[in-house]
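After this come two complexes, each holding subunit A, first together with subunit B and then together with subunit C.
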Partner chain A sequence: MERTASIASQRHSRRRLRLSHDWAWLLAFVIPAFLVVVVVQFYPLAYSLFLSVQDWTLTKSQQPEGFVGLTNFTKVLGDSVFRRAVRNSLYISGGAVGVELFLGISLAYLTLGSRWSMRVVRTILILPMVIAPVAAGTMWRMLLNSRAGLFNYLLNFVGIQGPKWLASPDWALVAVILLDIWQWTPFVLVVVAAGAAGIPDELLESAAIDGASRWQAFQKVELPLLTPVLLLTAMFRLLESLLSLDSVYSLTFGGPGYATYTLTFFIYTLGLQNFNFGRAAAASWLFMAVAAGVIALVFWLHRRSDIS
Partner chain B sequence: MNLRLPLRRYALHGLHAFALIVACLVVIIPLGFLALNSVKLEREFLTIPPTIFPSQITFEHYQRAFGDPKTVRFFTNSLIVAGTTTAVSIVCGMLAAYGLARLGLPAWGLSFVVFIFLFIRFYPRITTVIPYFLLMRQFDLLDTVWAIILGHLGITIPFVTWLMLVLFNDLPPELEEAGMLDGCNPWQRLWHIVLPVTAPGVASAAILIAFLSWNEFLIAASIARRQAVVLSIVVAGFVTDKGIYWGPMSAMSVVMIAPMLIFALFVQRYLIRGLMLGAVKG
Partner chain C sequence: MRSERNNAVRVVTDDLRQGRITRRQFMGRMVAAGVGLSAINAILAACAAVEAPADPSAVSTGSQDAAAEAPSLAGSEITATYMQSGTYDVAAETLKPTFESDTGITVNLVAAPFTVLVQRNITDLTTQTGEFDVMSLSLWEASAFQHLQPLDDLVARDGFGEDYIPALWAPGGSVFYGGQRVGVPYSADAYGVLYRSDLFEEAGVTADWETWDDLLAVAETLKGKLPDNVAPIVFSFGAPEQSTAIFYGAYPGTYVTAENTWAVERDLGAKALEVVQRVADYGPSDALALSIDEANAVFLQGKAAMIICWPSFIRAAADNPEQSAVVGKWQMGSFPGPGFIFLSAWNLAISKYSKNIEAAWEWIKAYTNPQNGKDFMTTYGIGSPFASTYEDAELLQMHSHDFPQQKANLNRTKGVALTFAAFEIQFRNMGEMMTGALTPTEVIERWHEGWAELTVPQALIELAEAQGQKAS
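Right after this comes the complex of A and B.
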């Protein structure tokens, strides 16, 4: 008994020794990644906070022209284009993510199973996701061309006179939403399909034995189980859609007029086209505040779903 | 009644098949249109009604694109950026994840790290693009692929670390204890014990990063001017040009999309696994 105890303590101390020795190794492992994150993320973040209270337009001066307090923020908030961009962003992201969830869940259930036909369908359906958003935007710009585009041509077949998509402010907004849906519904599909495959068959069988219809089983058994995953997916999509620049850039370039300016696009033009760094930084920190709220929500959901 | 039941089932089956066929067409038709446009004669663009199928197939748009040494360089740039970013972020991210997983951080410390990763993945990237641009200007790295790669690494390393952290935390500790008793150092344990077990996860992460880096636009656009241009910038660049260059535009889009589509078909399983890791388990 005593012997075992002493061996155990010996082993324990040896292990402690190892761990303390390992400590240097493990720290060295973390350092390269840490350095990159500091240089490319933390430093620029801090610097942009500094920029947000500076007066600096690169076309006028090579250096920041001094502290201006919250002027940049009030200027941005007072800008009607900014407010329009916020509204557009909400319409686009909200509309797109809502439809994506609905379509993604439906398609995931329509393609359940491991038959070869379903596998082929799933393979085809996930393709839009791997396409570069700039290329997808370019492709849709051609499709939606009101004269020579394929989209209105096909609509004509079913007797619908298609609108002038990219020339009309309202329809251009719809076009941006359509593109987002086309490209990212597959993401919801993938996540839901995996989630649904993870639900034990016994649960559904017992629901069937209790006389539940397929729809009732989905509603009462599967949906509650999928809810945490769905919420997370919705938040992820919402954030990514809010942050995306590429697709708007190549589909509408914010136009016609300011009709499809999104928040990200607004900040992009302010900072990297007009080179008004101070105001762009202020706008991006306003944006950051909103995004941080959503990120905190995601994080909270994450931890809850870990626990359950 | 007995007759009606199978009828209803047939109808449902038919509806099911119809819905799936429509969904597949929605994916395929735009891609097909793009591919056809890239081999269409110039005069067949913008006709009314649109010419869907070209009267003859021409490769002039591709020839003109690749006849230009600049295009070849941009393609190579894209390859260099995506390749280097993937390799470096897998190595750094894997090491960092192993370090973080085995350092024995307290629970709150680990949560904090995860929060930082989530934050880095999802804060508005546009916030740091301008300061990063200024930083690179200071170091005289503007318009170099290295600046683009470093910018990508800032996103991908935290992302890989996060994915790997999930994988490493799921491993049973017994797995490595034998290695510890044999006196393996952490590097040997990672290389000989942990990596072989987590290889599929590492592959998934690598594939995801390759896609991300190849398709990335914002950082590349802020850094590149003339030399370090990558394909995403070329494709996006057609927007501001006067008139509509549908032929070259389609050809360049195909050049950018096709490798990734083919790649995706081969690595589909890993891709989906990686997406799941990143979205749900993380």
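Right after this comes the complex of A and C.
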């Protein structure tokens, strides 16, 4: 009995020793990574939160000039330009991502397969994604030139009088959405193609044996399996699209007037052109709230799709 | 190459001996020809031995001071910023080797696109970093002018500043703070109207307008007489900030109040905004969509009888048969009033926090002088701020159709005393008006609402006062 107790005690102390030994290693690995995360992520976030309640315009003072409570937030929220920027961003991102998902899925299924011709087509289709957004914006500016641009030339060719793309507030918004769709549909294509390739053939064969048509197999088998991937893709694209600045900058410069002035354009101008760091930080936090809302929505949809 | 340089040296030395050029001009041309400072001094000494120094004061030129100070500055290092445009920055790169070998001063050049340059300049100044000794800047950095080194003493000591077009040497063309000069201009362009002399002659109209109403009357006459595919006026309404040039050209009032806030005089402002709208009525079908390049292309293709533009962006192409259908058919007309002519001027300034102010000043003098004004204009298209460029016999032969008017326009220019934040409120709401979303009166309301949130920097209050744009 005593011997048994002593063996148990020895085992216990050995486990404790191993645990303490493991803890040291664990901490040695985790602490540097933890510090990097704190320094790289949390410090800037915390500092920007600090700035959002400070009065600080760099051109007036080298340092923050004092606590102003929620004034920066109320000023930003009360600014009609900010509200319009939010609306524009939601129109652009919502419109573009919806079409991108539809087109991306369609193109992915149209180009499925490992034949060389399909591989060539897929390669060509993903080319827009690798063009720098600033260059893409500049290129589209030329394409949409209502006088000498390719778009209106082609429309004219089929007897349609093309719109004044960049001079009209509505068409300028459409132009920004079209650019986003052109550039980022390939991303959806790539993800969906990879997801579809991963669906076991047996499932589709079973559906076929059960008499399902190709459309039914897609609708009842593939789409549910692809839904988690599609939701994640939608989330990435929504965030990316909301954050986009360079393409709008080079295509419309936010105009005409404020017609394509987006949230990121608003924050960029406030912070990096007017140097109003306090208000720009407040606007950034409001932007984060919008982005967090989008993420929450996607996760909610994800959970619902899991349950169903 | 070497023989060309020797010839150039011979010609310039002869000019100096025969009194056709001053010692300062001699120095400038020799440096431009790539001759070292020591060699220049030797030639000057030789010339001085031949010609008795009739004017003792002439011995103490700024350039010679530079030569005398060169040894003490050798080994120092400065950093200068330029806009990455393929012009100002390339000109600086070209000048750098000669300057470094002549003075022993090392120059680091930092070129950045416009918006990045403004950000870097302002950040460097307001944080008092002193990373940049010499800065290329304009009125957009006005909120940081208090951090610039006053240059009055250096200018007076070296007799710098002769030959500048007066309006460009004054506040607006030059940057000032606290009544002191803090920058010297090295490039300037004034908004202008180019017109097709052949089409005007055919239509029986003349370019003798004084006001926008006069110009629009000419446009109305042209409208009835021009072919369908030629518009009376083209302007870059698609570049949203540009339409302010027409507004200020038509606006004779003040826009800084006695209380040092921004506000325009409502009636005058509304009338000027109506002028902007009326100009668009005489444009091509896509008038509101045209960027600067696109508007220029319309004129170059012969599809407009007039263009309201930055001349430096179109001049070279308009005279080049490969790029233009209007070679020999265009002239520059007066910019209409009763407002002022929108100016674009770049200055070189020295940071207060520079540790090499003398070396920085040497670079400024080497970059900014009448000889380089002419050379940079002919080589890179940089608008010269010096009167002699526009009076140069050789250049006048080629530019009789635009240089005299360009010089006159430059002398009527003023700077716009707005920060970017205030300017953005102005041009974006004008953009809204051009799309029909706002009336001129509503635009002015929007300006005043937006401007009420902003503070006018001291440098711009002084500028508005100096240019007669501040209410008393």
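Rule of thumb we're sticking to: the second predicted complex is superposed on the first by the 251 of 308 C-alpha atoms of A that agree within 3 Å, B and C clash if a C-alpha of one lies under 4 Å from a C-alpha of the other, contacts with A are read in each partner's own complex, and residues count from 1 in each chain.
As a working rule, contacts are C-beta pairs under 8 Å (C-beta built on N, C-alpha and C of every residue); 3 or more make two chains touch, one makes a residue touch a chain.
Every value quoted in this text rests on a predicted model; they were computed, and no experiment measured them.
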Which superposed partner A:Arg83 touches (first subunit B, second subunit C, both, neither): neither
First, second, both or neither for A:Leu272, with subunit B first and subunit C second: both
Which of subunit B and subunit C A:Phe253 touches, first, second, both or neither: both
Partner chain in contact with A:Lys220 - subunit B first, subunit C second, else both or neither: neither
Subunit B versus subunit C as contact partner of A:Leu27, first or second or both or neither: first
Subunit A: partner with more touched residues, subunit B or subunit C: B
Contacts of A:Pro169 with subunit B and subunit C, given as first, second, both or neither: second
First (subunit B), second (subunit C), both or neither touched by A:Arg115: neither
Residues of subunit A contacting subunit B in one complex and subunit C in the other: 141, 145, 147-148, 253, 272
Complex contact set, residues of subunit B against subunit A: 16, 19-20, 23-24, 26-31, 33-34, 37, 45-50, 52, 92-93, 95-96, 98-100, 102-104, 111, 114-115, 118-120, 122-135, 150-151, 153-154, 157-158, 161, 180, 185-187, 211, 214-215, 217-218, 221-222, 231-232, 235-236, 238-240, 246, 249-250, 253, 256-257, 260-261, 263-265, 268, 271-272, 275-276, 279-280, 282
List of subunit A residues in touch with subunit C within their complex: 58-60, 62, 75, 141, 145-148, 164-169, 253-259, 261, 269, 272-276
Complex interface listing, subunit A residues touching subunit B: 15, 18-19, 22-23, 25-30, 32-34, 36-37, 39-41, 43-45, 47-48, 51, 107, 110-111, 121, 123-128, 130-135, 137-143, 145, 147-150, 153-154, 156, 182, 187, 190-191, 194-195, 229, 232-233, 236, 239-240, 242-243, 245-246, 249-250, 253, 263-264, 267-268, 271-272, 277, 280-281, 284-285, 287-288, 291-292, 294-295, 298-299, 302-303
Sites on subunit C touched by subunit A in the complex: 115, 118-119, 122-123, 126-128, 143-144, 237-240, 284-291, 294, 297-298, 419-421, 424, 428-435, 437, 453, 455, 457
